[in-house]
Amino acid sequence: MQEIAQLLINGVVSGTILAVPAIGLTAIYAVLRFPNFSIASHATVGAFAGYIANATLALPAPAAVLVGFGAAGLVGVASDQLALRPLRPSGALTSAIASVALMIALENLLRFGFGNDLRGFDLPIMRDWRLGGLRVGPQQLENLGMAIVSMAALFLFLSFTRTGKAMRAVADNPALADVKGIDPEQMARLASFIGMGLAGAGGVLLGLDTSIDPLTGFRAILSIFAAAVVGGLGSIPGAVVGALTVGIAEELSLIAIAPAYRTAVGFGAILIVLTVRPRGLLGERAY
Amino acid sequence: MLDYLVSLLTYAALYGIMALALNLVWGMGGMINLGLVGFYAVGAYVSALATIKLGVPIAVGACAALVLAAALGSVVALATLRLRGDYLAIVTLGFAEVVRIVASNEIWLTNGTDGISNIRGPLRGAVTPETFNLIYLTLMVVAVAAVVFLLQRLARAPFGRVLRAIRDDDQVAAVAGKPVLAFKVKAFAASAGILGLAGSLYAHYTSYVAPDSFQPLLTIYVVLALVAGGRGNNYGAVLGAVLVVAFTESTRFLSEVVPGLQAVQVAALRQLVVSVGLLAILRYRPGGILPERIRPVAIPPRRPA
Amino acid sequence: MGLLSVEGLIAGYSAADEILKGVSLTVEVGEIVAILGPNGAGKSTLLKAVAGLVKPKRGSVSFAGERIDGRAPREVSALGLAFVPQEQNVFPRLSVLENLEIGGYADPAAARRRIPTLLQRFPMLAEKRRQAARTLSGGQRQVLAMAMALMVEPQLLLLDEPSAGLSPIAAERLFETIQAINADGVAIVMVEQNALEALAIARRSYILVDGRNSRSGPSAELGADPEVRRLFLGG
């Protein structure tokens, strides 16, 4: 019983952190209407940017997350404009394929610059807290907090700013949004910046706990996609729900299967959802 | 030098067969399979294990590889073929990753990340390595020719025409009374079988398989080969594979020109060149160099596939 | 010269298409004009061509003295001509209030001033302002779509089959709303299948058949005409 409680706690923490890049993926899908596989590499870009901020400027974790967000966001806009935007007229599938190529390209740019070595963040080592037999690491909690803060910031942006509402409008009914004067390309750039920025923040959060290398983002790709698909591609609340579901499911799966198969849980979730209820838990594409 | 060329051509042939398999399922059938490398891996492992653990001849191993990969292909197809194109991309990519994870972890079966070595090859050991390579290249060329011949026949046969009709508009085909799902599953399974056969050929050529040989990058190589050669065109698939191998080998010379590059950087450069190459082709020559002969297949297709 | 003047308009959705084969009409300031006709006559296409969603091949469209044919929908809207499509005319997951805000996206300062006026005008919308647009009934959604169009303070409103899919009671309420909007001084061009109701509230009407002008004139006359009655009003 205690074991399950511990797994649940771990699952909630990892799920909340997973939500950050999952929201990024789903936001880009909502506005640009295709699954952007390069989210994995943008997470890695953010992770390396955060690492540099921490290693060379001795910035603490929250600052590293911000740097990761900014760096990945900028790379996201640039990569979309250069590599993916010209292919938009060719449809969602071509864009998806191109995004796989982009993912590999970015990953190898990082590999070219940094090599394959694992690198760790320079953070004070903190002992786990024990609450009634359950273990929680302070770094885990800090990561949890940063994930929640990021999501809250996004929520505020989308709910209360003119630009945020415009982005939701484009996701809801792109043709009508265009007619009412919302510039689709500006929104595409914004979605790329925010979406990939969140991926980058997620990359830092993933790396804070362990270490980073050019494959950091790619290892998480199935989990990120699973979270977004389970919640419903295009739905931001869905991505949060989906991420928590996948995070908890992955932790609970440790009871039955080997740790290496964690990501297979994500794949299984994707398969089940797309077969049984393709729009996911909370997704509904109205238009 | 000759040996180097022989090796290049052998790899070109391997990618060619995979590109042909992709053409069957994507060029003719309109179904994207980003999990190519998963079926390729399955074929390689099955053939390796069959010849080592069960001691069967290589030909039997190759058949087993084909059959098992095709069976797996039908399962995957049945589970996923009602999905939209980009959803199918997600699932097939995930499938390949799961195959790789299984291969890395089921040590009792696959030897995990250490891989399986000492896989037999036809006449290996009985002749010099150079001769073996030449023999194998001949075998590969025959295999490529056989697959091209088969697929051309298939394309002209009713099966091929129905498949293309389904690719272009499967609602119309369904209304015309064709069992769309059955066709799609058969095409996907056949394609998977060909990939499995390619995997088997790979295993017996290199004598070593490990999970790391089956990266998503390989899928990009094959997609690039098909798109460059002209999606929908079987000869284009083979031509594209030759181009991709030549293209990626050029990075080897780049590393000789630019001094001071470490091995990891050369490897990264090669992958970079291939992925940027695909982006460039999708952008500037999406129809490839040899477009489909019967009717021009330009990407975008009339409907997003 | 009227508020809106269309002359000899030829338009279609693709290079080969020619749905409108030479249509003309005028709308005066403050009028309600109805456009009737059988399915496929090109009524919706006519509205879309005026709004800038379909580029005319030949002919002219003038609004308040300016040529507007070929201009983008955003420009046309900025000049005071707002279009309400038949379907997908709201943002379903945004709230009613947010829908109105997006309606006035082009000029946020003006939008802030305009919204209280519109909420007062349409108490139903005020009541539901925090609800998602998809929770509204069909008729309420049409009202919201029209209110969104009114955010830009247009002189002319183009309505594409506003009563489509509505129950008779809801349709009747909607026509009352349309008349109220007109009473505020906004001219209205209305494509309608519901010919009876349309003729009742429109001062003048045009009948389109097969992409061309057929009959036109004061609604009362048309409504009384036995030929028209036979074709469109069930005898």
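Per-chain residue numbering starts at 1, and chain names A, B and C are given in the order in which the chains are listed.
Everything that follows uses one rule, which is that a residue touches a chain if its C-beta (ideal position, glycine included) is under 8 Å from a C-beta of that chain, and two chains touch if they have at least 3 such contacts.
As the structure is a computational prediction, the values presented were derived from the model and not from experiment.
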Most central chain, judged by mean C-alpha position against the global CA mean: A
Maximum centroid distance from chain B, chain identifier (CA atoms): C
Averaged-CA centre spacing for the pair chain B and chain A, given as whole angstrom: 30
Between chain C and chain B, distance of the C-alpha-averaged centres to the nearest whole Å: 55
For chain A paired with chain C, centre-to-centre distance based on mean C-alpha positions, whole Å: 43
Touch list for chain A against partner chain C, complex: 162, 165-166, 168-169, 172-173, 175-182, 286-287
Contact footprint of chain A on chain B as seen in their complex: 32, 34, 79-80, 82-87, 89-91, 93-95, 97-98, 101-102, 104-105, 216-217, 219-220, 223-224, 262, 264-265, 267-269, 271-272, 274-276, 278-279, 282-283, 286, 299-301, 304-305
In the complex, chain A residues that touch chain B: 34-35, 37, 83, 86-87, 89-98, 100-105, 107-109, 111-112, 115-116, 221-222, 225, 229, 258, 260-261, 263-264, 266-267, 270-271, 274-275, 278
Interfacial residue positions of chain C with respect to chain A in the complex: 53, 73-74, 77, 83, 85, 88-94, 98, 101-103, 105-106, 108, 134, 148
